[in-house]
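What follows is chain A paired twice: with chain B in the first complex and chain C in the second.
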Partner chain A sequence: MKPGRLMRLTGLVRKEWLQVMRDPSSLAIALALPLVLLFIFGYGVSLDAKNVPIAVVVEQPGSQSNAFAASFFNTPYFQPHMMRSVQEAEEALKRAEVQGIVWLRSNFDADYLSRTSPPIGVIVNGVDANTARLVEGYVQGIWFGWLDKQAELSGTRLKPPLQLEQRIWFNPEVRSTDYLVPGVVAVVMTLIGSLLTALVIAREWERGTMETLLVTRISVFELLAGKLIPYFVLGMAGFFISLAMARFLFMVPIRGSLLLLVAVSALFLLVALGMGLAISTVFRSQFVAALVALVVTFLPAFLLSGFIFDIRSMPLVIQGITRIIAARYYVSMLQTLFLVGNVGFILLINSLYLLGMATIFLGLTYLKTGKRLD
Partner chain B sequence: MPHQPTAQTLAAAPDFPSTSVEENKAVIEARGLEKGFMQAQKQVHALAGLHLNVGPRQVTGLIGPDGAGKTTFMRLCAGLLRPDAGKLQVLGLDTVRQTLEVQARIGYMPQRFGLYEDLSVQENMDLFANLHGVAHDRRAERYQRLMEMSGMEPFGKRLAGKLSGGMKQKLGLMCTLVRSPKLLLLDEPTVGVDPVSRRELWQIVYRLVEEEGVSVLLSTAYLDEAERCAEVALIHQGTILGQGSPASFRVKMQGRTWKLHSGAISSRRLQMRMLRHASILDALVLGSSLRVVTRQGIALKPGDLSEIDDLTITPLPPRFEDFFLAALRDDEEVLTPPAPLEITQELEQNTAHPVVQRPFVSQMDASSDASPAAATAIIQADKLVRRFGSFIAVDQVSFRVDRGEIFGLLGANGAGKTTTFRMLCGLLPISSGSCTVAGVNLRHAASAARAKIGYMAQKFSLYGNLSIMHNLHFFSSAYGLRGKHRSERIQWALDSFALKPFAEVPSQTLPLGYKQRLALAVALMHGPKVLFLDEPTSGVDPLARREFWQHINQLAEQGVTVLITTHFMEEAEYCDRLVIMAEGRVLAEGTPADMKREYGGHGEASMEDAFIGLIKASESKEVPT
Partner chain C sequence: MIRRIRALLLKEFLAIFLDKASRMAIIVPPIIQLFVFGYAATFDLNRVRIAILNEDSGALSRELVSRFQGNSTFEIVAYLGSEQGIQSLIDNEKTLMVLRIDNACSRRVATGESCPVQVLIDGRNSNTAMLALNYVRAIVTDFNEDIMARQGKGMPARLAVQAWFNPNLESRWFIVPGIIALLGMIVTLVVTALSVAREREDGTFDQLLVTPLRPWEIMVGKSLPGLLVGLVEVSLIIALTVFWFRIPLHGNLLTLYPALVIYLLSVVGVGLMISSFSTTLQQALLGSILFIVPAVTLSGFTTPIANMPEWMQHLTVVNPMRYFLIVVRRVFLEGTEIHLLVHEIWPMALIAACTLSLATWLFRHRLH
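So, the complex of A and B:
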């Protein structure tokens, strides 16, 4: 180690730390942001459809039609509203009071009893395609369930030649929270990491302190390390908050090793901090740097990391672009470590990608930060 | 390159013991230094073949206006920039190849010293001690000494952001000095600092030279600071115009500076006539008399300039600034006098006793009851208060300004000048107190008052990427001028301020002096009766500043009332009357001569002496309470 390096580094880190402690904005980014984002995504955003309001139109109540309609009340997925006419239901659909209509015609009972299969009309609001598909599926599920029960009652149980035995691995309850929360952790880490450092070098330029620093004996390495160390600590604090919330508030299981989880997160934090530093070094203005950080790190992490939108269903060009989004590799590792376990191959490949990216961003910053003003 | 000491450099440091030839080597040697930048898609030559030797163990002043190349040269010396051409050695080291070695030996304080405002005084010093590698066991002693030198001891725990401008500057210097450097580079350390702190900063610098043998290169735009340096290098447009002791500059100007006083015409009338005179290089209004510099080889004796009635001529000691002017103007064939400014037809009609009447009213008593026209107050401020939250920016400020006066608001940065101004212009609501401008009460009819005033803001507020013509078009329509009247006013602006040749040039590429003319033209588009000028001359070179004041004098002659803020002490002398402000309060009101007599101790005292005397007096008054 060069003489005096430790002293200079301690000085810089101490200064940065004092600034963080006195400036609530850094603390807010590191500690409050994960809380807010995880609350919003953990509770507010759910891809499961529950309590979906639907209209059940029974034109002429009869024993069969009433029994069928009643089955909609016994499920947590629907919140049925009984209606007399389909016109009334259509109006409700237009006013978005219900998401779908299940329509039992007046001849339902008669046809059912006469064994000429009676039609059920199902109208679904397709504006929200995701919910529409779920409603469609659930209605079908109820229909088959009811048929099954009817057959049992009448003793003529249907015996299909093939029986589908469905198992869902890693998330048997298909709780969207379980795979959303690890994704949100990735988004949070991207945001904390890049935003924290995007501001700090630009701030030195804006306040004129950079010129003063450059004439001292600090080297570029010390300058950057002096920035990285405190914000790494702060970023990891944010990570542990997110982790605790995921585990104890949202009850997401951690099936892989906790140590590995911390390790890959630390690696990803380095990438995010590196992106922030690179942005800050290039733009030298806090306002521009913050905007750029949001657009080039947060938005892609949100849209292109595969945390909400499946990468395989994207057009090929976009799929190619996702390869340069660091959050994609982190999301994949987080989902593996939280829900599956230690899958060596996945962790290794993704970690290598992240390592490469950290090197590129930090290297770029190193080269771009000169000890001169021109 | 062996250094050949010139007669000038030897004469420069007579107070210091002679040392061996080895030790007398120049600490900075610049040979043919060039540095350019791209600015607004234009190549700007900040330094154009600069030669300079800076001697050891003395204060060398690098003096020149903004944009002369001072900061660029300082940054080159600190190894922060790379020269385009030429050679630069600092302490015998090459600044390009041995940057770190240079930086280990020098202390550099940039113009805007980057203090960490959210750290305390002590924490800032600890940081820089760490960065400069000062051993822990030697810190206590050094801190003690710095605190004692700067008088900052009671403020160790205070956050740097909560210090006054002068104290911040001192803290910046202390942080630079956490270890004793061989060479200290100070880039405009005194700009905008109050005169008391300015004196203290100079004291610290002197002590460093005397007690630690530090060599200091200090840049400044204040020409009057030249006298405080052992040696001075005058920089203009990237080259050195001259180098030597301040005395050597003055000697060159011996026998060319005079005081003129006419009992018959006002000093401003006299100035206008003198500036057109073939043998006069420069003429400045100083109260009731005129300070003139004659062209090379021309001496004045009683009886000269007989075309002026009742004229007395007395020789004056030359000043450093005279040399600067002479260096720039001696080559000019004939001085171009400013074009006569005609304000508006409307104003002339309103002027019952136009220009001809005023010369017989002497400047000194213009504000007294001698002239009934002048006695009507055009601006009356009464116990003005402006609060920002719990902070009182302007505290019970009262003064009156009479018609046709040039009235100054003098004070350091942060004294409340600009806030007072904004209230007077109706740009900022008044917290309490009352204020009338041109007979309109600002509390009730701010917009009516605004139509009668012209305002030139600190940073000129021009549209940089619009041409002069477009700026004039825009502002004239913003003031509600239309049709024929509007085109006449635009023509007037182009003619009066000689802007025609540049009419189509984007205003951001203009030299500062032209920008200033354009800003003044814009403020005068609607023919206002009152003109507000907020620090109009800061950063402008002395030539442009003089031209600007000539315009102002002409306006005053035509009955326009001018209110001006400034932190240049010498500019206060150009005002008829002024108030001195500090910490939001008016400390004194009166003519410059009154102020100097009353607070400076004697009639020949400078405005700065008066200012410091006044501050001291007001501080001692506060102690008992």
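So, the complex of A and C:
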């Protein structure tokens, strides 16, 4: 180590730390932002459709029709409204009062008894395609349950040739919160990591204090380390807040090792801080740096990281683009560490990508900072 | 009066479009966002990776497997010989699911018994898991009905499912019209919020105040550019939605535009409020972000409002984007007439009246 380096470094870190402590805006970004964002996203973003309003049309009440209609009342998924005619139900669907219609025609009971396999009409509002698919699945589930019960009542057993048994690993209750909240942690970390540092170096350039720093004996390496260390500490504080909220407010299980979770988060924070530093070094204006940081880090972290939209379903070109989004590697590791456990292969591959990205961004900043005034 | 406002408008447009950075900020990101969102934001499954463990040697199981081979949604990644390896295939995300057919399956079905078919699925992304299971269930149900028909039996009743307004249930039809509401808000808000803040930072706001312009004329001159830029940008996006993404426009543009103007006016009001609170560009930008992030998240843009906890659903009633999203989706896909959208339009008008008058009050208050 060069003589005096430790002293210069502690001096810089102390200066930066004082600046953070005396300027409420960085503290707000690091500590208040995770709280607010996790709260909004954790409660506001959910794919679990419950209490879907649905019209159940029984044209001619009979024992079979009534039994079928009744099974819609014993499920948390639907909020059934009984109707007598399909016209009435279609009007309700057009007025968006119900999301779907289940329609038992007047000859349902007669056809059922004479074994001519009467159709049960199901109409879903397809505008929200995802919810429509889930509703379709729920109706199918109810239908199977009803068939089973009817067979049991008539003393036989329903014997379809193939009997499907499903085992949903890692999230048997299919709670979408369990997969969304780890993704939210990644979005929050991207935002605080890149916003914190995007403003820092740009501010020094804007105010002209960068030149003051450059004429001292401080080397570029010491300068960058001096900037990174305090914001790293702040970012990790933000991470622990998010982690605590995920575990204790949203009750997401942590099946992997806590130590690994902290380690990969530290690695990702380094990438996010590096992106922010690189952006502010290149643009040298706080305003532009903040805008660029939002557009190139936050939006992709939201859309292209697999946080809500599954990368595996995207067109191949877009899948290629996601390869350069750091958040996707972090989201994958978070979902695995929270829900599955320590899966060596996934952690290794994704960590290597993040390590490469950290090197690129910090290296770029190092090269672009140079002790030159131009 | 008209002349003074026209002069102020001209000045505003010059300020927006002569500055290269702001010109770029208004035109480029929305177009990029439209394309990235339009293609990336999908809930539809493609190339679902599946591994098959077929312990049966009969013709029946081969027929079932061939149905998965012939289905374009699925991509078979492996044929397994034994249970070993299932765990690591799923853990390492080599496959989304494993379909396991019991041995003696064909024999059992031939004697009229049921044969268990097991699906093991990676639930890390629970939404993907649910949708993939629905696809598997559809294939198995079809298969069952065919087999039973061959045996001369029938299901006691069958489901006949149809989807209105979006027959193939493409989630792009849901997301892309939503982007119209999203980008309309972002562009209008940023243009309005930054215009006053920029003048404050440059010190030219005081100059504006000593001109013969009256305060309300300044207000009008500052609100119209955001509204007009928003309208032009949204019209461009509507055109791309219809002609590039081929989303059907069943309704009438004459229904859409009045609602759009009211929506943008409510956003202009929010922008002016942010403007009057902030003294620097950076504060205005931060203020815009603080409004946009919750407004988008709690609007039903990606996930339905109905899925939120009840108390949070009540909070969304003050969010103008929530109402316009419903209007734009219903006009596009359902062709809804304006009289059925009154319940969406009056809350937006109320919000617009509140934000605009509050902004006017704040303006006067902060001017003196």
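A few points about this structure:
Here, the second predicted complex is superposed on the first by the 373 of 374 C-alpha atoms of A that agree within 3 Å, B and C clash if a C-alpha of one lies under 4 Å from a C-alpha of the other, contacts with A are read in each partner's own complex, and residues count from 1 in each chain.
Just so we're on the same page, contacts are C-beta pairs under 8 Å (C-beta built on N, C-alpha and C of every residue); 3 or more make two chains touch, one makes a residue touch a chain.
None of the values given here were measured: they were computed from a predicted structure.
In the superposed model, A:Asp178 lies in contact with chain C only, and not with chain B.
By the touch criterion defined above, A:Gln19 lies against chain B but remains apart from chain C after alignment on the C-alpha atoms of chain A.
Judged by the touch definition given at the top, the superposed model places A:Gly4 against chain B, while chain C stays out of reach. In the superposition on chain A, A:Arg217 makes contact with chain B only, while chain C stays out of contact range. More chain A residues lie in contact with C than with the other chain of the pair chain B and chain C. Looking at the shared chain after the overlay, A:Glu204 reaches chain B, while chain C stays out of its contact range. Residue contacts after overlaying the shared chain place A:Ile308 against chain C, while chain B stays out of touching range. In the superposition on chain A, no contact is made by A:Ala70 with either chain B or chain C.
Shared interface residues of chain A (contacting chain B in one complex, chain C in the other): none.
If you check the complex, the residues on chain A that touch chain C are 37, 40-41, 43-52, 93-96, 108, 112, 115-134, 136-137, 139-140, 143, 147, 150-151, 159-172, 174-176, 178-179, 286-288, 290-291, 294-295, 299, 303-304, 306, 308-310, 312-315, 317-318, 321, 332, 335-336, 339-341, 343, 345-346. In the complex of the two chains, the chain B residues touching chain A come out as 37, 75, 78-82, 99-100, 103-104, 106, 108, 110, 112-119, 123, 126-133, 175.
Across the interface of their complex, chain A is touched by residues 21, 25, 29, 33, 36-37, 39-49, 60, 64, 88, 90-93, 96, 105, 109, 112-131, 133-134, 136-137, 140-141, 143-144, 147-148, 154-167, 169-171, 173-174, 281-282, 285-286, 289, 293-294, 297-298, 302-304, 306-309, 312, 326, 329-330, 333-334, 336, 340 of chain C.
Residues 3-4, 7-8, 10-12, 14-15, 18-19, 22-23, 204, 207-218, 371-374 of chain A touch chain B in their complex.
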